[in-house]
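In order of appearance the chains are A, B, C and D, and numbering begins at 1 in each one.
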Amino acid sequence: MGIIKKLPVFVEKFPGGGLVTTSLNYIFNQAQASSVWYLLFGTACCAIELMATGASRYDFDRFGMIFRASPRQSDLIIAAGTITKKMAPRLKLLYDQMAEPRYVIAMGGCTVGGGPFYYDSYAVEKGINHIVPVDVYIPGCPPRPESLFEGCLTLQKKIKKQKIEDWS
Amino acid sequence: MEIAGIFVYLYEQLAATGLPQVWVDLIALVVAGVIVFGFLAVVALILVLWERKVSAQIQQRLGPWYTGWHGWRQTIADAVKLLQKEDITPVTADRPVFFWAPVIAFTACFAVYVCIPFGKDLIVSDLNIGILFILAITTFTVISLLMAGWGSNNKYALLGGMRSAAQVVSYEVPMVVAVLAVIVFAGSLSMVDIVESQAMIYQWYIFRLPFGPIAFIIYIIAATAETNRTPFDIPEAEQELVAGFNVEYSGMKFAMFFLAEFVNMFTVSAIGATLFLGGWQGPFLPSWVWFLIKTFGLVFVFMWFRWTYPRLRVDQLMEFSWKFLLPLAFANLILAGWMKYSGWFNW
Amino acid sequence: MTEGLRTEEFQVNMGPHHPSTHGVCRFILTMDGEVIISAEPVIGYLHRALEKICENRTYVQCIPVMDRFEYCTSMSCNQVFALATEKLAGMEVSERAEYLRVIMLELNRIASHLIWYGTTALDLGALTPFLWAFREREDVLDLFEMTCGQRLTYNYIRIGGVARDIPPEFIPKCMEFLDKFDAKVDDYEAILTENPIFVARNKDIGVLTPEMAVAYGVSGPSLRASGVRHDLRKDDPYSIYDRFKFNIPVRHNGDCLDRYYIRIQEMRESAKIVRQAIEQMPKEGDVTKRISANFKPPKGEVYSRIENSRGEMGVYVQSTGDTKKPLRVKMRGGSYNQLQVMPELVKGHKIADVVAIMASLDIIMPEVDR
Amino acid sequence: MNRDELITYLTEKFKDKIELLDTGRAEPFFLIKRENLVEFCREIKSDLKLEMDYLCNIGAVDTGERFEIVYDVASVENNIRFDFKLVMEYEGAEIDSVREIWPAANWYEREMWELYGINIKNHPNLKRFLLPDDWNQGNPMLKSWDAPDFIRMPEELQ
């Protein structure tokens, strides 16, 4: 966590510090929620929908979401597409490389629970919650861009409810 | 309204308090530094948002929209978020180098503003070697990029760092030679003198045919390369090197690189405006408004490049610099010298 | 002077998560500075065992699985499997259904080439063409959505026909799209084809000789860019492709730029085919065929192939005749062979060229890994 | 060359080496012997009337009793296409590589080796590539294959 996060905990001990903490909490959460940079991570069909969502008609940028190629600079993995057993360690690695606070959206049936490859497939991981903690699940094969927006807005809501104390 | 007057008034008030002259100058310098720093921080934030809006317009999108009215709070939110992010230093990284790289990038890009005239009499310090100082300081960026590439201990970062070193060194040369042509005409290295030599619009160096426009184009091309922007953004080529030299940086350190990049863009635009577009010279409006208009106009040109062009390959980039730009710049310099010497076009 | 100096080769791992490997391909590049000495593709990061899955599905259930085989052109996947099964069962497809298939296949080809166009530009560092291409792609997807309710995995072309007839507003909307599409392709050309940087990045990069292309089984636009006039729509006509007039663009250098030109031309040709198909299509007629859940084609085996936007797409189906499940479904995608030939193409080029070559071959990983 | 001409030509040229299978109206399908594979492939590629220079696909089939290897070949030059296959028992499943004849065969054979466990003679690069590097559960495409986390689709869903 950044140093700045330790400050409010310290401030709270003083009289009136609670007010400062609460407003800081609000500002931090607002800032975080409206600037979720996602990692450019797509494996299969959902990646095409993810690209379409970033493109002109749907435009992820409206919500302040831009893609970053490096996991170090991103806040969110949108796991778009099937995660196979061969890919799973990579996803874990990418998640580990990200800086806290970090979030995961499981986009599409495959990442939610194996999807169409649940039966009869020897190679597909049955849900990415076995690999990384997931914040929001978006079902669909592939989910429409609108569903993806819904998922991202849900994530924003979740971020806005965070408490500073939980972080440090 | 000229804001330079305000500063002069404040300075006089300070001097009237009876403090020793050394202290007065020191306080004045610190205050000027803080003002420039604050101004540039705001400019960088505006530029990031503006870039996103420009790209959105070109791509028929809206750009940031829901963070405040038309997304005006977007970059503030980004900055606050980056403040909170975890600060990762890879285990394998060379710690001191890794730490100092963004700091150097950040400070170097601000140091330039010591001798950039923001308006009439609005300059922190009018060095008599102003332009030389600026060109020297801007080269600092390359050291920071190289440090970032080396310190990260990541192959992509290293490739990015090496590329940027090669690129900035290659493009520094034609840029300096192009600027020299202007200096030859102005007869001074001081930024203020250069601006004052282009008092009327036909005296702007961009309009001094034939050498002016050529020098200006060379300068713009080289400046695009200096700031690592498309089509010369190979050091951080997203599609080849993931994120190039800053691939391992997160949180605040990344924000420093990010801001430095935009401040650098503003810097080269400001220098371009000063050298070729008459700096703060202009009718009716206050001088500092003219300066900002011209600078932002150039910034827009850089953004326009970015969202239109694909990226060059590393060897093409070098060839372009050494085989085309540099000979052209030298020929231009000779032309300018001859024009100055013969006095034909010396209006 | 330089005697004491030596350079050392080093290895760079590109992928599987890399912005420009079109999914999850991984390359192990051995490099000398920026120059590539050898490249070894590592695949399998998207190996989802589609072939195994198909073995435990009925023929009807195989169609949605095929959708995921090549999601950029799901229609082709449906078509190739339907074609194989129809050949096995000796089934006829109604006239109108054939026309609908052609319309959908060609529209899908356009959509797929638009993805290719966008990602190619993106890989070369230009972001704007990518967004432009996706803008038009959305219009195509609107048409698909209108027809089958899906944007990506359509499950529309079924065994013996198609899933359902098109709604009445489809044809005006489609004509509207076709009318403006040519001008949009002109725009695409204006921003990339006429751009000297783009041309410099692609000219004489990754030259694929015709001999090598055929030997490695390269197909589709990549083969035609090498000067081999081979298009299954003309040479091995399936469905009703022999009824349309269209050109097969061929170029002879085999470099990235030629592959780019071919695909741009193909978009225009596809639009022509759709136009003709809409004109010739019978106004009404049955398009679906009711197939029982226990549909069992007779014993036999067949390899059917069609011209997909990425080359020859084929499927081998073996039926035992006594079960409702295929004994074996083997899928063949154009990208598989194009990725095989890539190590040969990238040798001696720069790391930036790997990206350009991969984009120009239009490799997409599900087709490789299945 | 149309379908019938092709069948006549091939059966005459290779007489007892190949056997025509009945597959309805699809392209001609032949059965060849395993030991003739390389020779046969070389012949059909070099024969000027055939010139099968293009390898579409190679697929292994596990019929539950034995292996079948199916080759789908085409000629870009003469625009003809046919398929042939060979049959072998599980025990000592091994074929010769046709990589020398069609370089495209490289990955198809590698895949066969990996997923079916069929050994490829004279193949220079038999390395794992589709399955995870640490895979230790055998050859998953075999009909008899099973693993703890492998769930078959229940009959009632079909």
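The working rule: a contact is a pair of C-beta atoms (placed from the backbone, for glycine too) under 8 Å apart; a residue touches a chain by one contact, two chains touch by 3 or more.
On a predicted model such as this, the values are computed, not experimentally measured, just so you know.
For the pair chain A and chain C, the distance between C-alpha centroids works out to 31 Å. Each chain gets a centre from the mean of its Cα atoms; for chain A and chain D, those two points are 45 Å apart. Mean C-alpha positions place chain A and chain B at a centre distance of 35 Å. Counting partner chains per residue, chain C has residues 19, 44, 47, 49, 52, 55-57, 131-132, 135 touching two or more of them.
Of all residues in chain B, those touching 2 or more other chains are 59-61, 238, 242, listed in ascending order. Residues of chain D found to touch two or more other chains are 130-132, 140, 152-153. Chain contact topology: the protein chains form a pattern that is neither a line, a ring, a star nor a complete graph. Contacting chain pairs in the structure are A-B, A-C, A-D, B-C, C-D.
Touching chain A in their complex are the following residues of chain B: 52, 56, 59-67, 71, 73-74, 76-81, 83-88, 238, 242-243, 246-252, 254.
Across the complex, chain D meets chain C through its residues 21-27, 29, 53-57, 59, 61-63, 68, 70, 72, 76, 79, 81, 83, 85, 102-104, 106-107, 129-132, 140-141, 143, 152-153, 158. Residues 55, 58-61, 155-156, 159, 230-231, 233-234, 237-242, 307-316 of chain B are the ones touching chain C in the complex. The touching residues of chain D, counted against chain A in their complex, run 130-133, 137, 140, 145, 147, 149-153, 157.
Listed in rising order, the residues of chain A touching chain D in the complex are 84-86, 118-120, 122-123, 126.
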